[in-house]
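Two complexes are shown next, each including chain A; its partner changes from chain B in the first to chain C in the second.
Right, the complex of A and B next:
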């Protein structure tokens, strides 16, 4: 069963991404939304842990990246950028959604 | 796909109500059905009709009401969370002897059973919150 995990908190603010990464499995998708998108910053606190998530698709919401001035040049490799429609598609493509609030 | 949406955060707090709204709009545009939006904890504050944000800001509460009217959405506010935070409809007003009600158009007050039912009936339950 594939899960969609959503993380909406900055890794500089709390440990929800850390907790999530301890539970994701290969085949799952992790979607970063709201302040959660700060995790994609190159050289940032979460960069290493995110890159090490093998077999997990990592996506980030385009509107939230844009609102925080995070362009492609500031992002680590392997992040899929999706809009709200893409968010809906990810919900549909996975079996369940888990929000790490 | 039949969707249930849960909102745990009030308007103008962080971003959860905005994200939930934008997600709902995108889902409807793609032809999905939204079975119910359940507002819980501080999320019930999305359901007051008395908010007056500055004119150049988004009107989060009104946006929900308009979306509900346009698409026949079922917006449900948790009764216990609403009582604590002063979100009142006509029935609650009479039951508790209050001098006014403030529920916004398109919202209704009901119990947690509505959330459980959404969890059972929907293909996916998507949660937004703080």
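Right, the complex of A and C next:
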């Protein structure tokens, strides 16, 4: 059963991402939305933890990246950028969703 | 002008996830109208408020970043940004918007309002202010 995990809080202010990463399993997808997208910043402490998640597809919502001034050059490698339609696709492709509020 | 107090607005939240950043800006602009000694501090996730290049179109919310750059016109000349907070987040001064003011003591020369300070210096700035407003 593949899960879609969503994280919407800043990894620098909240333990949501940390908890999520402790519970994801290979084959799952992690989608970063709202302030959760700050985890993709290259050189940031949160990105180290994110990079260590093996076998997990990591995606980030483009509207939230753009609103925060996070362009491709600021992001670590391996992040799939999705739009709202892509968000829906991920929900469809996975069996259920776990929102780490 | 003995009534002038040193106001420090401490910003610790990212810009869009909560209303704090926007509310802080509103209060800063109101406070500036009372001719007090105003300074802004950006620590923790507050530094994200100054990261340039916002495009909020797809979110359907107002892009209030231009208001930061207008603060110089309201005589806000001191914007302290904590170096450690930037570094932890993989950011440098080059990632930040430009904020300037015109220095009346130097023939109205345009100068940067942003001052990158260490955590220790930030603590001293907090201790040195008369009033602290937290967002």
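Assume the second predicted complex is superposed on the first by the 101 of 101 C-alpha atoms of A that agree within 3 Å, B and C clash if a C-alpha of one lies under 4 Å from a C-alpha of the other, contacts with A are read in each partner's own complex, and residues count from 1 in each chain.
As a working rule, a residue touches a chain if its C-beta (ideal position, glycine included) is under 8 Å from a C-beta of that chain, and two chains touch if they have at least 3 such contacts.
Please read all numbers here as calculations on a predicted model, not as lab measurements.
Once the two complexes are overlaid on the shared chain, A:55 sits clear of chain B and of chain C alike. When the shared chain is aligned, chain B comes close enough to touch A:91, but chain C does not. Judged by the touch definition given at the top, the superposed model places A:44 against chain C, while chain B stays out of reach. When both complexes are overlaid on chain A, the residue A:68 reaches chain C alone and has no touch with chain B. Of the two partner chains placed by the overlay, only chain C lies in contact with A:13; chain B stays clear of it. Contacts of A:99 after superposition on the shared chain: chain B is touched, whereas chain C is not.
Contact with both chain B and chain C is seen for A:34 once the two complexes are overlaid on the shared chain. Touching more residues of chain A than its counterpart among chain B and chain C is C. Within chain A, the residues touching chain B in one complex and chain C in the other are 8, 34-35, 63-64, 83-84. Chain A contributes residues 8-10, 12-13, 34-35, 38, 41-47, 62-64, 66-71, 74, 83-84 to its touches with chain C in the complex. Residue ranges on chain B touching chain A, taken from their complex, read 1, 3, 8, 14-16, 19, 22-23, 25-27, 29-30, 32, 124-130. Of all the residues in chain C, the ones that touch chain A in their complex are 13-17, 44-45, 48, 51-59, 61, 63, 88-91, 95. Per the touch definition, chain A reaches chain B in the complex via residues 6, 8, 33-35, 61, 63-64, 83-85, 87-89, 91-92, 96-97, 99, 101.
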